[in-house]
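After this come two complexes, each holding chain A, first together with chain B and then together with chain C.
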Partner chain A sequence: MTEGLGLVGIVLVSHSAALAEGAAELVQQISGGATVVPAGGTDDGGLGTSTARIEAAIDDAEAGSGVLIIPDLGSAVLSTRAVLADLAGETTARLVDAPFVEGAVAAAVAAGGGADLDAVAAAAEEARDAAKF
Partner chain B sequence: MDTSAFQAWVHEASLLITEHATRLTELDSAIGDGDHGINLRRGFQAADDMIEKSESDTETPGAVLRTVGRALISKTGGASGPIYGTGFRQAGKALGDVTEVDAVLLGSALEAAFNGIQQLGAAQLGDKTLLDALGPAVVAYQAAVGEGGDLAAATRAAADAAERGLAETIPMLARKGRASYLGERTIGHEDPGAASTALIMRALAMVAAGETS
Partner chain C sequence: MPPSSDDGAAERVVVLPKPLHARPAGQLARLAGRHKETTIQLVAGAKKANARGVLAVMAMGAVTGTEVTLTVTGPDAEAVADEAAGILTAAEAVDG
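So, the complex of A and B:
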């Protein structure tokens, strides 16, 4: 993933593989080269979250400047927290409380512009206050 | 309780959850996403298998619980995986590497499990979660030990309190997890997580009393 080298990576964690992949595809278009990796569904492709998929996605998204993780609901948050507790000290990946789609878009734009992890996380969080129309 | 007693606990819990998987899933269908029984059965069966085959370090009671935690986190698939996984891991850490666990040390482990789960999900008592079964269980356990009760008496008190706690979740309004989106619709049902916690605590009491199958 040399394209996103030096940029903050983004991981989208969802209960649904299709939802995570669709959101990642949408966001990748405007990410300015920052890496966006989906981590949706269980190991066997069902609805749920997989710590193995989340961990692999963090690894894939890391391009040297940290990783921002945006979860959808419930176990996406808890599974990610479990992974981060496991990786304590080995990763700078950060879980953020942000709207799944709008937060991912805002984060990707910030990441593509070369913002650091703090600024990318702030962009995702601020998306909560953005009016749709 | 020695290492084999902790292995027996996991096995008994797996059997009880398998036996009640349909009921757990029905409870979850009423107020959540309807996968609690299926997910937890998968997680506990994976944990039980892992211990039985000694695929990981299972030399001490603490190691058994830490292995269970890892298995639940990686194999369950729903929110109950990281929740119960964290509970078992924290309990396992609290046991350290001793080979024989007395009533006082098991109390510390149960408390560590409660605190770990509370921290992970940031739920409070009364939010209609498994903490509403585990919290009363830990309190009853500590009270029984304080009165000089042995492991069998204290774990029985804990299991009884977990079942009472489960009943008390019926009128509660869910404030955490998927159920919280359903608001008022969650009133009038047992919380599925509290129901599975009651089973896990019952399994512990059965093992401590030597009543395993």
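So, the complex of A and C:
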């Protein structure tokens, strides 16, 4: 995992470990140095989401500037909210409503450039309006 | 190019030796991120994008042979324009 000291971290929460890991690998390559941590699959590696994996990923991604969490679908949101509720007051991690791949790319490029959490979240949200071609 | 921190404007026209895909788009966005006061605008035919927007740059769909005009305004415009042109014209591994 490439670590950028003091940069905003990105966590990708997916129902599939392979999807989260692949997206993180791609996004890291494009952003050149952002911290992107996958949190995919259930505790036993099946399809679904895991609050334990999400919490561990937030911890890994935190470098002192906050963490942006991008979920893929439905229960990824619910599981992340459960984790954030548990960590209430102990984390600056923020869940954002953004497309999984484009949002992650935009957020990681912003984070890699040293943007703060508000700007990284805004970059991810703006990706919703970005046409693919 | 003499170093200068004066505000300025610079233009470069390059013909892409490779498609403007995710990796160079990311490099341009990082360059833009390092020069927050400087604006890097790309134009290819009817498509335009600000280099800060990595998704917008990818969405230009610029393929090999496309002529891209870079317009750079702000501090260190000349140096930033050279670096941006270098990213666009670099071969896969080394500067071309």
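We adopt the following convention: the second predicted complex is superposed on the first by the 129 of 133 C-alpha atoms of A that agree within 3 Å, B and C clash if a C-alpha of one lies under 4 Å from a C-alpha of the other, contacts with A are read in each partner's own complex, and residues count from 1 in each chain.
Note that in this section contacts are C-beta pairs under 8 Å (C-beta built on N, C-alpha and C of every residue); 3 or more make two chains touch, one makes a residue touch a chain.
Since the structure is predicted, the reported quantities are computational estimates derived from the model, not experimental observations.
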(request) Sticking to the clash and touch definitions up top, decide whether chain B and chain C on chain A clash or fit. (result) fit
(request) Go through the superposed model and pick first if A:T49 touches only chain B, second if only chain C, both, or neither. (result) first
(request) Once the structures are superposed on A, label A:V105 by its partner contacts, choosing first (chain B), second (chain C), both or neither. (result) second
(request) Mind computing the angle chain B to chain A to chain C from the CA centres, in steps of 10 degrees? (result) 150
(request) Determine, under the contact definition given at the top, whether A:G113 touches first (chain B), second (chain C), both, or neither. (result) second
(message) Output check: A:G74 vs chain B and chain C. Expected answer is one of first, second, both, neither. What do you get?
(response) first
(request) Please provide the least distance in Å between a C-alpha atom of chain B and a C-alpha atom of chain C in the combined superposition. (result) 26
(request) Using the superposition described at the top, list the residues of chain A that contact chain B and also contact chain C. (result) none
(request) Show which residues of chain B lie in contact with chain A when the two form their complex. (result) 33, 35, 39, 73-74, 77-83, 85-86, 120-121, 177-178
(request) Spell out the residues on chain C that touch chain A in their complex, using ranges where they run on. (result) 22-23, 25-27, 29-30, 32-34, 53-56, 59, 61
(message) With touch defined as at the start, can you tell me which chain A residues reach chain C in the complex?
(response) 26, 29-32, 102, 105-106, 109-110, 112-115, 126-127, 130-133
(request) Within their complex, state which residues of chain A touch chain B. (result) 42-43, 46-52, 73-75, 78-79, 81-82, 85-86
